[in-house]
Each structure stands twice: as structure tokens, then as C-alpha cells.
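Presented sequentially are two complexes of subunit A, the first with subunit B as partner and the second with subunit C.
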Partner chain A sequence: MKLDKDTFNLSELEGLRKFALLLGALGLAGCVFGFCTHRDQFFYSYLTSLIFWLSIGLGSLFFVLLHHLVDATWSVIIRRLLENVMITLPVLLFFFIPILLNLHDLYHWSHADAVAQDELLQQKEPFLNPAFFSIRAVIYFLIWGVLANKLYNTSLKQDNGDGRGLALKMRNISGPGMLLFALTCTFASFDWIMSLDPHWYSTIFGVYFFAGCFLAILAFTTLTLSFLQSKGVLTDEVTIEHYHDLGKLMFAFTVFWAYIAFSQYFLIWYGNIPEETIWYLHRWEGNWKYLSLFLVLGHFVIPFTILLSRVPKRNIRVMTIMSVWMLVVHWLDIFWLVMPNLQKHHFHFSWLDIATFIGIGGTFIYFVCKRLSSQPIVPVNDPKLQASIKFVNV
Partner chain B sequence: MNTAESNISPSAPVDAPLITGNQSFSSVTRRISEIVEVELKKTPKAWYIAFSITSSLAGMMTLMIGWLLWEGTGIWGLNNPVGWGWAIVNFVFWVGIGHAGTLISAILFLFRQRWRTSINRFAEAMTIFAVICAGIFPGIHVGRAWVAYYMFPIPNQMDMWPNFRSPLLWDVFAVGTYFTVSCLFWYVGLIPDLATLRDRAVNKVRKAILALFSLGWRGSNRQWRHYEKAYLILAGIATPLVLSVHSVVSMDFAVGVVPGWHTTIFPPYFVAGAIFSGFAMVMTLAIIARKVYSLEDFITMHHLENMNKIILVTGTMVGYAYACEFFIAWYGANTYERAIFINRAVGPYAWAYWTMVTCNVIVPQLFWFRRWRRNIVWMFIASILVNVGMWFERFVITVTSLSQDFMPSSWDYYTPTIFDIGIFIGSFGVFLTLFLLFLRFLPMIAMSEVKGILPEADPHYYKAQEIKDKQVIGTEGEQVQLS
Partner chain C sequence: MPEEIKKIEGVLAEFGNPKELLEAAEKVRDAGYKRFDCHTPFPVHGMDAAMGLGPSRLGWLVAAMGFAGTLTALAMQWWMSAVDYPVVISGKPLFSFQAFIPIIFEVTILFSAFATVIGMLGFNILPRFHHPVFYSDRIRKATDDGFFLSIESTDPFFREDKTKELLTAIGGQEVEYLVAND
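This part shows the complex of A and B:
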């Protein structure tokens, strides 16, 4: 890996790209095998992995929108990295097609005979039906694709154009963009995760999913930065101050995630209405109980304790370990949302969890790398770039 | 990137200066201190007029509360099933308003938003006064207010302990903690300014009092170091409180299984609404104060515009929550939940519901446009409409869900009495009385913090100034020679 110091073009990335592609191909081969032999397990594992990578993509889109909206300075240097992830988001539509073609394997409400016997599902049918579900999925991806493309292309244009004016243009896109993001992210989580258990509902579910997305991208960015720097890329430009800020946000959103998770759990526990508590009861049966408790510990208590003080956030090694940790617990969180619908009473991990994860992830990373080497890896003409590099936490 | 940006301290303002009118350290001190240093006899007449009106309203409230204690809560419009009326609505309304101060002083501080310095002092003051107003209502709503101390876990001879599973008790703790921390935060922020006033005081008594409250502040380097650390820690502690207080208030409703109350989005939704109404109230007061005291240099259009942006963001979040609630009420396919929401939109309280939606969701949307964000008349109207809307939001939540409960035979319409209305108006009297006293006796803008964002605060400022002066002298010299 080599960075041209004048143009900020990254070259010699073929190794990583090939590695990602190989992993992806291996994983996808596993997926095909799993699809034929363990169909049930395959689809649930596949959905878990897809949601995981989707959350990274959505997180990056949110980060870029937020960056423009608040006119941030410190994050200019990492903006392009996030944009590369964001622009890869539409690739996931391709991975969503198998789900659209096999709704019956995942979604109980897609069975006409089940609906015929279920009064509640009949009432929900105008929303939960295969045709409308598919249309919505396409609309979500369309919105994300258009937003990502617009922001990405404007950002590239900025490299050789009017820095200030195009920054303003991106801010103008981000206003309505944020609104669209909030709605699509919410409804995507309702559709793809919440409706796995079509009787259950929670108004905060979209916010819960969003909290996970943002945490995931913070961890993913930190990890990417520390990886690039270990290869000697951006070692002068990205400083410990940027890690510190990423760490602060990671800390804040760990607390935010816990706040949202607690709000949902606590209100349902206190209200104690069977139609709501059943969702948590499924996650309290057999060894699910231990995973539920682990999430409290691993997704909140541990990162909270570690990230609370200043020193760990200013230590690249600690931040790298914490990023890996956050991504693992984030994956477990999604697993915890999806899998109880298949593995009732008792959970176990499957080789398909890994196969689908690297299958989708490898391909995703491959496309990210491709973008990484095709453009300067920092927005070279952003008026705040210098300020971003020099910025310090006082 | 212009060169000025890269050379000055990294967190310095990037765009236009935040404080206009070429202010220096001394002009800031003079400008803000002089407002409170006016002799008592020379207090403007307008202040006395305003004060007599607001304190009369506060007095009216006191009388009405006296009558309430004598006669009982029957003098309110409460009925069966609507056991929670205006008192609870007003409580939530005032607690909500009390959220902007801490958000501005804690969260915006952590997010390095330097424009907060011009508005944080009086937003914090407003927070404290709003929480005081809020505190009145649950106290009198319990009926037998003289045993309100039962809510505190005080060891007593009856061996009675409050019910820790009751949201009412959580309120006592949440609001109590919030009030304490807000007061501390406000006071810590005031110390350097009180010391400034002390040093300027000519009257001995005044000097002695200010000396007492400024805790021996000398402004030494060491004191500032400790002070800034303390401020950061307080900001860190206050940040979760911004979220916790209104979350707990929302649980007063959401832990119950009443349709329209029991929904999981309530905590963050209430927090967004609280910040929304709090900012609107800061806006209303800021527009008046800046006009009356000619503080346009300190609270500039830039500040007002930023506040309008926050109003737009939080108003839209509230709109998102309304939409989510409505959608899930339908999606959940729970008959009662659906009925209550349809009833809100088209039932007997539809007028209140649509007032709420119009004021909270539609009105702020104009702030998408820069022109409207910078229009003083519009933002003044909008800020008032927002608080009207937020009051109605609490009314809609509290009353519509109760008035048509599970048993149609007990349904009833709620109508307030003169005492409901009087006590609510009176609470504005209390709020504004305290606020007027604050404007009269304490510096309404944090002088020391504003100084921190002036160009003069930059360590290289004097050096840069020297170079500039030399250049000016040089050119003048050349001109002299030439002529």
C-alpha cells in the first residue's frame, strides 16, 4: 500500500482487494452450499450478516450527512473514507435479492395460509404483504443510492472545483437527506427485522437500530484508520486527536444505545402486557438468557467503563481493540434481534454465520477498496482540510 | 482556506466573528455590568411595571393555591375518569422548558459550540426558574400537600417508605437532582462574573455581598485551570441529566398500560420535545432582552439563526415521534390503541390535536429557509407558537387518553375551571418575576465566557496587533515623506 503525498492517491492495494475478493468468493460458495443443505439456517444467518453490513453502510451515510449538516471541522480528514463506504451501500441491494425471492423462508406473514388463520395478520396485510414489502425495499435502496451518489459525486467534484461552494451544496443535500435517512432507516428496520415476529411492535425500534448503525460505523472507521496507519498511510494527517474524537462519540453512543435499549426493555417490562413481553421472553429462554445478559455487559458496561476516561481514547491500540469489540457485540446484537425467530429456546452459532458474514463482507470490502484506490483518500480541496489536520482537543 | 483560520488557535471561530461591534475585554465588562449596576432608585420604570404585573400574577396564584389547600382538588376541572388535568400538563410543560439551559451549557459545551457563550447564562437561569414552576404542580396535585414530604425517603417514626416502583418517586429524584446540578452549574459559571462585579462595586455593602458569593475569586492562572476542569466535569455530569429527567417524566405516562401512553418511544420523544420547547422559550426571552437592553452585539443574528436550527431539528424529531406512534398504533392492530389515536385526530379533542401538530411540526418547517431563520418577527411568533403547541402536546397526551378509557360508560369531557387557568397563568407570573429579578441583579451574559471567544483571547493577538500597528505607522511615515 502506498500513498502519493501530493495527490493523496492510494496505490498498490491489489493485495487487499484480492484477499477480500477471495474471502467473498469463499463465503458465497459456502452460502450456495448452505442454501442447498441447511436452508432455514442459511436464510437467518444470511439476514443477520446482511443487516450487519447494511448497518455499516447506513452508519457511514448518516455520518456524512451529519458531517455536512453541522459543518464539522475535525472529521474532514476522514470524510472520504466514510464516503467510500457510503457509496458501496447500493451493492447490498444485489444481496437483498435472494431475500426478496425467498420471503417465505424468513417472514411468517408472507404465507397466505398463515394470514388466513390469523386475525392480526389480516389487519396488517395492507402493509405486510410481499408486493408492498419488495417495493419498499427497492425504494429504500433507491433513496440511499441517490443520496450516496449525489454526495459522492459532489465530493469528487470538490477535489478540483469550488471548495466552499460545493461544501455548501453538500450541506443543502444533507438537510432533506437526513429526513429521508431517518424515515427509510426506521422503516427498513421495521420491515426487515421487526416484522420477523409480525405480532410484536415497538415504536422505538427504528431508533434502536439507528443507534447500532452509528456505533458500528464509528468502530469501523477507527479500525480502518488504525489499519491504514499501520501500513504507513495518513500517519501525519490523522492524529491522536481524531481517535480521541471518535472515541468520545463511541462512548456517547454506547450510552445512547443503552438508553434506547433500556427504554424499550423497561417500559415493556413495567407494562407487562403479554403481547409485548413475549418478545423478551423468547430472548430469556434457555441459553438466550446468557446472551441477553452478555449484551448488557458487553454492549454497555464494558465499553462504558473503558471509554469513560481520556487516556484509553488517546491510545490507538486500546481504540483498535475496542473497535473490534464493538463490532463483535454489534453483530451479536443483530444476531439477538434476528435469530430467536429460528432458534427458539436455545441458540447456537453455525458455520453459516461465518460463511454469510465473509461472503457479503468480503464483497463489500472489495468494492470499498476499489473506490479507495480510484480517488484521493482525503477531500483534498475542502476549505477546512487544514483545520481538520491541525485540530487539537483542548 | 484563508490564512487567518490556520494561524489562530484551532478551536477559534472559522466564519464571521461571533460577537460584533469590535468588543474588547473592557467593553464587554462595561456593557454587561452596567446593566446591573444601576442604582436601585434609577431602575427603569418599565422594569417596575413589568415586575408589578408578574408579581401580582404570582400573588394571585398563591391565593388560589391557598384556596385549593383549603377546599381540595375539587375546585379543579378534574373528573372521573380524567384524574390528571392541567396540573400534570403544566408540570410536564415547565419541566420541558427547563431543558434548554443544561443542553446549552453542557451538551453544546462538549460539542465545542462556541456560540453558546452568549446565551448560556440566561438560558440556565430560565431553566432553574422553570423547574421551580414545575415543582409547584405535583406538590399541590397530591391533594394533601402537607404530607408531600412522604415522597422523600426520610426515616420517620411511622416506618413508612415511599414506593420505589412509583414513577412519582422517580420524578422527585430526577427533578431534584436536575435542579441541584443546574443550580450548581449556574453558580459555578457565575463565580468569575460575580468577582468582576465585586471589583467594580463602589458601595461597601454591595462589595461585601458580592465578595461573599464570589468565593475569593482572584482570576489567577491556577484558579482558572481548576475552574475549567471543574466546568468540564460538571458538563459531563449534567449531560446525562438532560436526557434522564424528561425520560423519567415520560415514564409517568409510559409505564402505565393506558392506550396512547404506553409506547416505547416516549423517553427520547419527550427529551426532544423538551429541548424543543426550552429553546423556543429561550428564543422568546432572548429576543425581548436583546431589544430592551440593546444587546444586538452579543446575541447576534448568527446566534438566533443557530437556535432556530435547533428548533427545526427538535421539532422535526417530535414530528417523527408523532408519525411513529400513529403508524405503530395502526400496525400493532391493538383495538384500543388504534381507537385512541383515531380519537385524538377526529374525536372531541381533535382541535387540541391539530393545534399541537400545526404548532410543533408545521410551524418550524419554515426554518428550513435562511430568510425565515433570520426574520426576527417570524421567529418571535414561531417561538411562542411552539410553546403553545408543546403545552397542547402534554394536554393531548394526558387528557385524551384518560377521558375515553376502557369503559365507555365512564367517558367524560374535561373542562378546566377558573382555578386551573388561574394557577397556570400564575405560574408564568412566578417564572417571569424570578426572571426579572435575575435580569436586574445578575449579569445576564456570561462575561468571562464571552471574553474567551473574542479575538483578544487568542494568545497571539497582541503580537499580531503589534505587527499591524507597525505596518500602519510605516505606511503613514511613507505618506508623510511623500507629501
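This part shows the complex of A and C:
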């Protein structure tokens, strides 16, 4: 890996790209095998992995939108990195096709005979039916794709063009973009995760999913930065101050996640209505109970305690470890949302969890790397680039 | 009646701009002074390090008080709901920690906020009615365009002549003693 100090072009990424592609191919081969032999387990593992990588893509889209919207300075230096992840998001539509073609394997409401015997599902049918579900999925990806492309192309144009004017243009896109993001992210999580248990509903579910998305991209960015810097890339430009800010956001959104998770649990616990409490009951049976408790500890108490103070946030080593930790618990969180619909009473991990994870992830990383080496890895003509490099936390 | 000898309570020096003040603060710090302060119209980046101020102790106080708030709220609700006035509400156990969490959360924040404000005032020895720098008329410029550095006479390194010489030597303008003017 080599960075040209004048143009900020990254070269010699072939090794990483090939490695990602190899992992992806291996994983996808495992997926095909799993599809033939363990069809049930395959689809649930596949959905878990897909949602995980989707949350990283959505998180990056949100980060870029937010960056432009608040006219941020500190994050200019890492903006292109996030844009490269954001522009890879539409690739996941390709991975969503197998789900659209096999709705019966995941979604109970897609069975016509089940709907015929179920009053509630009949009431929900105008929204939860295979045709409208597929149309919505395409609309979500269309919106994400258009937003990502618009922001990405404007950002590339900015490299050789009017820095200030195009920054303003991206800001103008981000206003309505943020609104569209909020709606699509919410409804995508309703459709793809919440409707796995079609009787159950929670209006805060979209916010819960979003909190995980943003945490995931913060951890992913921190990890990528520390990886790049260990290879000698951006060692002078990205400073401990940037890690500190990522750490602050990570801490804040750990609390936000817990706040939202508790709000959802609290109202359902208080209301005590069987059709709502059943969802938590499924996650309290057998060893699911231990995973539920572990999430409280691992997704909130531990990162809260560690990231509370200023010192660990200004330590790259601690931040790297915390990023890996956050990604692991984020994956467990999605596993906890998806898998109880298949593995009732008792959960276990499957080799398909790994195969689908590296299958989708390897391909995803491959496309990110491809973008990474095709243009400068920082927005070289952004008017606030120098301020971002020199930025210091008071 | 013998003329009353007025005590010198400190030395005040003015500097041309934030950069000069910053460098002056570093030199005063290196000379060993602890009881000195800088007076500027706006926060100057890097001043904490230049003055040799360590990290604030306030965070520890806030964390401790926040945790005390957590325990207070928990104990209060346990005592009220399960001991002093037990009432079964919607069939839930008397001690239902889930129901207590919002109050625990709020009281933690309340205690932390009070600890922050009161602790900040306490560590800064505020509010106070008087400070030797107010003997100078020029100090008013500190809210407009003046950059001042004052050293108090209570500092163990303080010597009337040496301290004034130091401030002059490091570029202080119109160095003056802070003496009560009635």
C-alpha cells in the first residue's frame, strides 16, 4: 500500500483486493452449498450478514449526509473514506435478490395459506405482501443509490472544481437527503427485520436499527483508519484528535442505543400486552436469556465505562480494540433481532453465519478497495481540508 | 499619623497579542510560578498547556456525584415503593427496577449537573467579590482588546523586584504593581 503525498492517490492495493475477493468467493461458495443443504439456516444467516453489511453502508451514508448538513470541519479528512463505503451500498441490492426470490423461507406473511387463517395478517396484507415488499425494497435501494451517487460525483467534481460552491451543493442535497434517509432506513428495518415476526410491531424499531448503523460505521471507520495508518497511510494527516472525535461519537451513540433499546423494552414491559411481550419472551427463553443480558452488558455497560473518560478515546490501541468489540456486539445485536425467529428456545452459531458474513463482506470490501485506489483518498480541494488536518480538541 | 504602607498584592503585565501572551505564560510557568493567571477577551488555544494547568479534576467529582445520584434514586424508589408505602401497580412486583430506571437516569443527570456547576465554581474559588487585578484600571481592557498576565504575591516564588523584572524581560508592557488604591 502506497500513498502519493502530493495527489493523495493510494496505489498497490491489489493484495488487499485479492484477499477480499478470495474471502468473498470462498464465502459465496459456502453460501451455495449451505443453500442446498441447510436451507432454513442459510436464509437466516444470510439475512443477518446482509443486514450487518447494510448497516455499515447506511451508517456511512448517514455520516456523509450529517457531515454536509452541519458543515463539519474535523471530518473532512475522513470524508472520502466514508464516501467510498457509501457508494458501495447499492452493490448490496444484488445480494438482496436471493431474498426477494425466496421470501417464503424467511417471511411468514408471504405464505398465502398462513394469511388465509390469520385475521391480523389479513389486516396487514395491503402493506405486507410480496409485490409491495419487493417494490419497496427497490425504492429504498433506488433512493440510497441516487443519494450516494449524487454526493459521490459532486465530491469527485470538487477535487478539480469549485471547492466552496460544490460543498454548498452537497449541503443542499443533504437536507432533503437526510429526510429520505430517515424514512427509508426506518421502513427498511420494518420490512426486513421487524416483519420476520409479522404480529409484532414497535414504532421505535427504526430508530433502534439506525443507532446500530451509526455505531457500526464509527467502529468501522476507526478500524479502517488504524489499519491504514499501520500501513503508513495518512499517518500525518489523521491525528489523535480525529480518533478522539470518533470516540466521542461512539460513546454518545452507545448511550443513544441503550436509551432507545430501553425505551422500546420499557413501554412493552409496562403495557404488558401479550402480542407485544411475546417478542421479548422469545428472547428470554433458554440460552437466549444470556445473549439478551450480554447485549446489555456488552453493547452498553462495558463500552460506556471504557469510553467515558478522555484518556482511552485518545489512545489508538484502545480505540482499535473498542471498534472490534463494537462490531462484534453489533453483529450479535442483529443476530438477536433475526435469529430467534428460526432458533426458538435455544440459539447456536452456525458455520453459515461465517460463510455468509465473509461472502457478502468480502465482496463489499473488494468494491470499497476498488474505489479507494481509483481517486484521491481525501477530498483534496475541500476548502476546509487544512483546517480538518490541523484541528485540535480544546 | 504615619503613612500606611500598602501591601503589594501582585504584578500585572500587558502583552500585545495572544501569541505573545502564550509565550509569556510558558516562561512564567517555567520560572516555577503557580499562582498566576491570564486575562483575555476570548479563550486562547493551548493556554492550559502553556500555563502548566493539568487536566481538570472536575470529571472525577461529576462521575462520583453522578454515581451517588444513581444509588440515591434507586434507594429512594425502593424505600417508597417496596417498604414505606407498598402498592401493587398493574400486577408488577413491588420492587420493579424497570419502572425505576427513568427516575434513576434523571437523578443521575441532576446530581451530575449540580456537581458540574457547583464543582466548577468551587475549584475556581468563585463567586468572589474581589481580586487584586481590579486595582488596575487597565484590566478593563481584558474584556475588549487587552491580553494580561497577573502573578499574585501569595505565590512562593514571588519577589517584588524579581517578579516585575521577569515580566518586563519577557516582553510585558506597562508592568505595574497591584496595590490597593483606597
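Details
Everything below uses one rule, namely that the second predicted complex is superposed on the first by the 394 of 394 C-alpha atoms of A that agree within 3 Å, B and C clash if a C-alpha of one lies under 4 Å from a C-alpha of the other, contacts with A are read in each partner's own complex, and residues count from 1 in each chain.
Basically, a residue touches a chain if its C-beta (ideal position, glycine included) is under 8 Å from a C-beta of that chain, and two chains touch if they have at least 3 such contacts.
Everything numeric in this text was worked out from a predicted model, so none of it was measured.
Model built by superposing both complexes on subunit A: subunit B and subunit C clash. More subunit A residues lie in contact with B than with the other chain of the pair subunit B and subunit C. Looking at the shared chain after the overlay, A:I97 reaches neither subunit B nor subunit C.
Applying the stated contact rule after C-alpha superposition, one finds that A:V138 touches neither subunit B nor subunit C.
Within the superposed three-chain model, A:R310 lies in touch with subunit C and out of touch with subunit B [touch as defined at top].
Once the two complexes are overlaid on the shared chain, A:Y270 sits against subunit B and subunit C alike. Applying the stated contact rule after C-alpha superposition, one finds that A:V392 touches each of subunit B and subunit C.
In the superposed model, A:P383 makes contact with subunit B only, not with subunit C.
Contacts of A:V328 after superposition on the shared chain: neither subunit B nor subunit C is touched. Common to the subunit B-facing and subunit C-facing surfaces of subunit A are residues 266, 270, 272, 392, 394.
On subunit B, the positions that touch subunit A within their shared complex are 1, 5-6, 10-11, 14, 240, 243, 247, 251, 254-257, 262-268, 316, 320-321, 324-325, 328, 331-334, 368.
Within the complex formed with subunit A, the subunit C residues making contact are 43, 45, 55, 59, 63, 90-91, 98-99, 101-102.
Contact residues on subunit A toward subunit B in their complex (touch as defined above): 73, 120, 123-124, 127, 163, 175, 179, 182-183, 186, 190, 201-207, 255, 259-260, 263-264, 266-268, 270-273, 275, 383-387, 390-392, 394.
Residues of subunit A touching subunit C in their complex: 262, 265-266, 269-270, 272, 308-310, 392, 394.
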